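Each of the next two complexes has chain A plus one other chain: chain B in the first, chain C in the second.
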Partner chain A sequence: MSGSSLCGVVEPADFQAAAATAAAAAAAATRANSSSDRDEWSVSECGFMDPEVQRTMRSGSAAEDITQYPLRGWQEVTGEFIAACQELIPGELAQDMMFGLFEAMSAIEIMDPKMDVGMGFDKSDLPPPSFEAAITMGVIKLDDLTPTELIGIFDALFSCIVSWLEGNSMDQVLFTCLYLHAPAKIKDKPLRVFCTAVRNLIAVIKSIILLAGVNEEEDFQLYGNSTLLSAEKAHPGNIFGYLKEVEDELVRKCKQLTSPEDLMSVVHRLRFMRHLFQVIYQVEQMETSTGTEDRMSEIYKNLNVASELLPLIRKTIDRGTQPVEGSEAPNPIGFSTRIHDRSQPPSFPRSIKIRDRPASFQFLEEMISRFKYACKVTRNKDYFSALNFFIEYSKKSGQCILSRSVLQAIFTANLRMVHGRMPMKQFLRHSVQAFNSPPVLSAKNTVSSDPKVQQQLENFFRYCISLNTFTMFIRICGFNRARQRDKLGRLIENFDAIQVDAARLDSFMNQLANERAMEGNELHATALKHSTHFSTWVLYNCFRAMLIYLMSGFELELYAVHEFLYIYWYPYEFLVGFLVSALTRTENILLAQEEYAEHLSKTQANGGSTSKNRKVAKPRKNKKLQRPYRCEIVFYHALLSLCGGMYKAMGALTKDGRVRLPMDTFDNEEVRYIRRFRPFGSLTSPPPVSYQEFKSIRDHMMLASVEDLYSVAAKHFDQARNILENIQNPDQEVLDLLQIARTNFVVMNVLARGHQKDVKRQPEFDFSKHSYFPIIKLK
Partner chain B sequence: MEDLCISGHQVQVQPVAPAEPFRITTNAPHQMNDPSMTAGRKTLQKWLGRVLRIVITDGRVLVGFFNCTDRDANIVLSMCAEYLVEGQEPRLLGNVMVPGKHIVSISIDEGEPTATNVEVA
Partner chain C sequence: MNFCFTFLKSILSIYLDKTKMINDQIAAEGKEDPPSLPVITYTRFADETELKALQGLIDSTLSEAYTLYTYRYFVYQWPDLCFFARHEGRYVGVVVCELEPNRVGLFEGYIAMLAVDREYRKQHIGRTLVIKAIEAMVAKDVDLVVLEAEYTNKVALALYESLGFIREKRLFKHYGNGSDAFRLTLGIKNIMLPFSMECCEDD
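Up next, the complex of A and B:
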């Protein structure tokens, strides 16, 4: 062994230490007490057992201490170390007793180009220039920038903002721009104002996202260089004033030029920044102050101007300086790409691709239209339509964190505006009324002033708020698509407690109705009767959460093909049916109440001028009330048929031997089934369906011949097609579903007739048209 | 102490045979004076948890607690500090794995406090 002489040097120390700690070691570790062998050392001497080391290893601030080493002195052991390692067998590890999987997995690999920021360092390399260094080196221009240079810097900064919003660290994208480090020191006025605006924009965006709280680490990097993050002295409220001033100056200059196109392009960018900033700033203000209505129209105006400016800007991208081929910097001047690399947390990615300019402006264009869409949330005055809006918005705009946060901001601000100081409780109360209009909630009805009733209602809504279930449902829709499923799983469990409470409230109302009927108070009794209002409302929302949870698994590609059968079975057999019946029941209640109200008004007002007025107003109101949920019900009917079609189709394909099944030894369908429906297990309503129940239902279906199964599936798809075709003014989703239903109908018919009977290939399931339902394709 | 032994427990009862598929040498107390341990393993065992200084092929110096190694001398350090130039401000990396093929030299913070300190000074 090459290092044996070194070993000799340390040995005496071993003996000394062993002798010194003999007593302690004997007491502490019974195994160590017999040590007399020359090669042995006591436990206390091992590095890990060193109390000093242990203390540093355990304390959180230990990382600072590493810089104090060596405590004793470096002793070169390369040869000895490598020789010792070679004694280990392949796969054997020599590891510290505190070393585990976590440490192994979190280690970054040195010299790996993706992980190691310090790689490629050369001692002769100059450090990346800071703002001051760049000035002394003369590589950064502070004054008299040409319009071409300005356009280049502005466009590069827009790209940086977009890259930041896509989840990159602001230090690695935005603050690679040296101009942003000290905007006040820039002499060129347009550039100074623009950079100040960007600095403030960053702070405002960050605050919106923080307040909305629908971000996850993969969406957005909240943290960055804190000294740069604190906004420049300028108050954000003054920024658009500055921008306007510079714009006006430049426009005046343009008038004196013979070819002002380049300068006008600069003006367009400044103007776009002004309107974008104003939008973002107003949204942030809305979250903290009142006066929402004025702000909304302001925001809308600014969004319109901004979206008109973007085509002009996109057309003039090539007027600016372009990034140098092969360079990481988004623009030839003003950027120092690796300036913050060494201050990043070690686990951060080393190099970042900043979006190119055309793609960045496209992103901004889409973002502006997403904002416009988000503004429409204010039209939704009750939970039912608000939830629909959020679900729809998430499908269309779920990928952009800022758009999602803006929606949350507008929604909460709007809630406050409409419902005053106790927004959520009032909102829910109002929502139940809008959903199925329980008479006890109507202020007109005298029963609502009954203190007992009031108390019960108060308790129920307070309970809803304290459990947070309804608020959470809306917020969950604000998270990114992949995270929603996980959160919904937990939300569904929460519904049980509210269901119980709602049912209790309903039965209380019914009981009270009986009492009042006994007392002879017919008016109150009728108002309180047939009230499954509250539980229907809660159940409806719970079913929706369940359906989204289940179907989102397709979107996230979690299910294997052989699992499709029970995933489609559950909504076919239960969920969608429940939804339809909840909505139908609600409609019936509304109709019954309408009739009753009509009856009342007739008996109350016998003739006279009032009844005349009412008659004029009524027909319209009636029509609107008659079938408020017709659209939803029809749509769910179509979903039901599609689920049924898919379920039967999967049954047929499985029986036909066209579905690849897992090998028996590795398979346990029951375990998978339970896992897939786990969040539903904690609910009392709908009661959980056991695997045995499912199995017997499936086995029963499977008794039919393959051909019959195919044709039953075809029938379901045909039914779906029929329903979907009859929907008036279909949106894109309906059209897509229609195409899926049509195609699958044909495929099922073909298979029923025995096409490709001998080729048992698994068909392809193409989810590109709709994330819940595939087009079945035979290869 | 019992709970800390779990990871190494089953290893201890296994015989030292080269054909063994999986083996861990650790500095857990029960393994400390295992007479069947080879000299190299004992050396590694003793060094585990100590501070190592590793110079790698591009000239950087990494200083951290020695956590784990294998036959190819791939080394895991925890609380690692990276020096571009020794003596200058380091960057703190946390857990790192240094592939053996990039290692130029390894030193350990060791020796008799008096003698080595004089030597370094």
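Up next, the complex of A and C:
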């Protein structure tokens, strides 16, 4: 920034010299300082602690008139500077305490056009016009815009919104539109109302994303021109009315026109904005107010209208003014693309590619359907199904920050509505009941009112909340796919504490049952009859986190081919089996409880009043629910066979010399293995599996001949095929896995028969059908 | 932080054509020895005069410029971890590294930049530079070596993978141009800290 005044005088021969002189000046300053005073510069002395300085740093130079050079007390120091440089040898660097790698990288070399943004301006260039300047220059129109002009501006603004939601800074996309700087000054009513709506939309979206808290710096830029944004007061509650009013006026106008098509296209855009705004506004309101159910149906209605309008809008894109070819501006009028260049931090990208209009409307269309999908989360009444929903949603909508945030908002609001003041705690309690129905959680249970039991349960669920493990698991599914894995790694370590507590609670219940039995209170003892309900529930969720953590490495392309062997081995040998047994155990518990209930009703029925007779029918009706996890269990069986197939296939391919292995100069398989399974290392249950254990199991497998290994792998794939084929009403995922199992079965058989025996090429692993399992392709 | 690591795609077909041409030439001339690969010598960073060469090598392969401070930050603090590949008078490759205790106290080596002149690719110069750098780090008792590489940089990824690096993390939209990167790790010593300790949030 200070470059222009300084370099005008010095004229250094090249950048290197310039940098060296700058370094020298810094050195001189430091020396001068340290000679008079031995203390080093502290943070406070540098001024960074000063609240005023901090505020200025945070706000950027937004408050300044961006068309002017900053007005500061510049002082000529060239003489002293040159003199100070004499003391240094070329390249000698005076490094300040605060000047580290980050500073080195975000420093700019003044006058280097690659870094110094000011170099992009020719001396004769006019500064990028501000809103006021554009009015004076007469390049911006405030009144009587034609429908064509309006459509052009509206569509460009939609593109800007989309580009902003894709992670670009608000300043570099949205606020390059001068109309957004001061909508109140626009005389043309449709444009004024639309721009006011955009301004408010930005504020509401920002608030939803902040509240949901599933954003990362790469998803969403919080940095933005807050001064501009707060210049006009936000009043989102009124936007709907404004839009409706101007829309009605235009519709009336249309009726008087012989060819109202252009104007109707303007109306469609205003109407789309109205419904989109309404959806977003309602979602935000859900966070703070009650009446969620009404809002949900309101949101759904608006989403439907919005998605009906989009095809009409997409068809009429060409009715608007179009961006000039070669220009960075998304529309010929109303945009000043370089207006914020000078106020961006140096590490920011210099120019942003704004999405084109058809792609932007495509994005909006997909976003609307993602919102519709998100609304369905309210159907999931317990943790088990809610978690399933979040995992699926993330697979399909993981890349859109607003969609992810909207899901969080709806889910939280719905929890509050169903479960009241302590939503998460109540929800978890309800969820354990729904999962494996521990007798003590049943309201009918004779001991559930026992204060000791109540206290224990209260403690457990409070602990669940304070450790945040379960809540966090759901939230993690809201983050982008790359970040999820990291966060899951940490989450898995957290499960240990809660597992210990769950096991303690289970044993307490059993102990109490024994005590009551000793006391001769058979009724209480039976009512307390308890299995490993709580620990099974905790473990099941922990296993899921572990499986997602491990398999997401395939989706993120983290694993090298030579690593596939141990990665597939772990779920094959342990993890998927754990999941199956947790679910099977749960089903057995439920079954036993049901039989017991039936038995109880029968004995009561034999005792005989008519009112009790009616109860007899009840357990029979529930019979269908006896195996609530059948689908999951079958699916996990298929996964087990697929993992087994891949593990054996990798063993065979490795032994066959078809897998490229790392050079052993620095490579250490044990270190790699431990790093890959590191989050599992701190769990008590399941206990970590050492490298030696893995190695001995693998080495044992590898004793078989290559042909046998290929054949065994083929058998696993055949088993997977068999299970998958028997799934009724298969979804796309099942069909894809089926194709993978079938193809790999054939490939393994071909290799077992000695195909391409002399060509030891590494096969291709094609993950395009499924992110966890590849189709093995021989080249 | 946007570090970009080089090794751009080499054009295989051109390379093959060249080889074929040379072979034809040899066949025509009969008795001449086949032209051997240029003899490359490897030297450590010596002084400021080499900075221009270093900057030239990196700049020519990257779109985004590093400030001179960035180069100086590395080469003056760890001159013994900066190696040049040289062919006669010409600087044809460079590796720039850092070695510091990380925030959990492990001694962490970081390969910051690697570049090889386009005309000298496919001669294992990059690999040799990396091996030299890691050997120098091992001599200084390094615990692990890390770096970032662009998602699309298949050549660099293959090079590091062949040395035993694992892709530990996907860094979403890591570079200024919006592309993803991988964080690669090579564990030299078998020291394992809890995941949550070592893998805290990126700055």
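Here, the second predicted complex is superposed on the first by the 638 of 779 C-alpha atoms of A that agree within 3 Å, B and C clash if a C-alpha of one lies under 4 Å from a C-alpha of the other, contacts with A are read in each partner's own complex, and residues count from 1 in each chain.
Criterion: a contact is a pair of C-beta atoms (placed from the backbone, for glycine too) under 8 Å apart; a residue touches a chain by one contact, two chains touch by 3 or more.
Being a predicted model, the structure only gives us computed values, none of them experimental.
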Residue contacts with chain A in the superposition, chain B compared against chain C: B
First, second, both or neither for A:118, with chain B first and chain C second: first
Which of chain B and chain C A:75 touches, first, second, both or neither: first
Which superposed partner A:326 touches (first chain B, second chain C, both, neither): neither
First, second, both or neither for A:110, with chain B first and chain C second: first
Which superposed partner A:451 touches (first chain B, second chain C, both, neither): neither
First, second, both or neither for A:520, with chain B first and chain C second: neither
Contacts of A:682 with chain B and chain C, given as first, second, both or neither: second
Partner chain(s) touched by A:85 [first = chain B, second = chain C, both, neither]: first
Touched partner set for A:96, first chain B, second chain C, both or neither: first
Overlap of chain C and chain B interfaces on chain A (superposed complexes): 89-91, 93, 99-100, 103-104, 107-109, 347
Contacting residues of chain B [partner chain A, same complex]: 1, 4, 7-8, 18, 20-30, 32-33, 35, 38-51, 53, 56-60, 62-73, 76, 78-82, 84-85, 90-100, 102-113, 116-117, 119-120
For the chain A and chain C complex, residues of the former touching the latter: 15-16, 19, 89-91, 93, 99-105, 107-109, 112, 114-115, 167, 216, 218, 347, 349, 480-483, 485-486, 489-490, 492-493, 556-560, 563, 660, 662-668, 670-672, 674-676, 678-679, 681-682
Chain A residues touching chain B - in the complex, by the definition given at the top: 1, 3, 7, 9-10, 13, 28-29, 31-32, 34-35, 37, 39-43, 45-50, 53, 56-57, 62-67, 69-78, 80-100, 103-104, 106-111, 118-123, 342, 346-347
Residue numbers on chain C that touch chain A, as the complex places them: 1-2, 47-48, 51-52, 64-70, 72-73, 76, 98, 131, 134, 138, 151, 161-164, 166-174, 176-177, 180, 182, 185-190, 192, 194-196, 199, 201
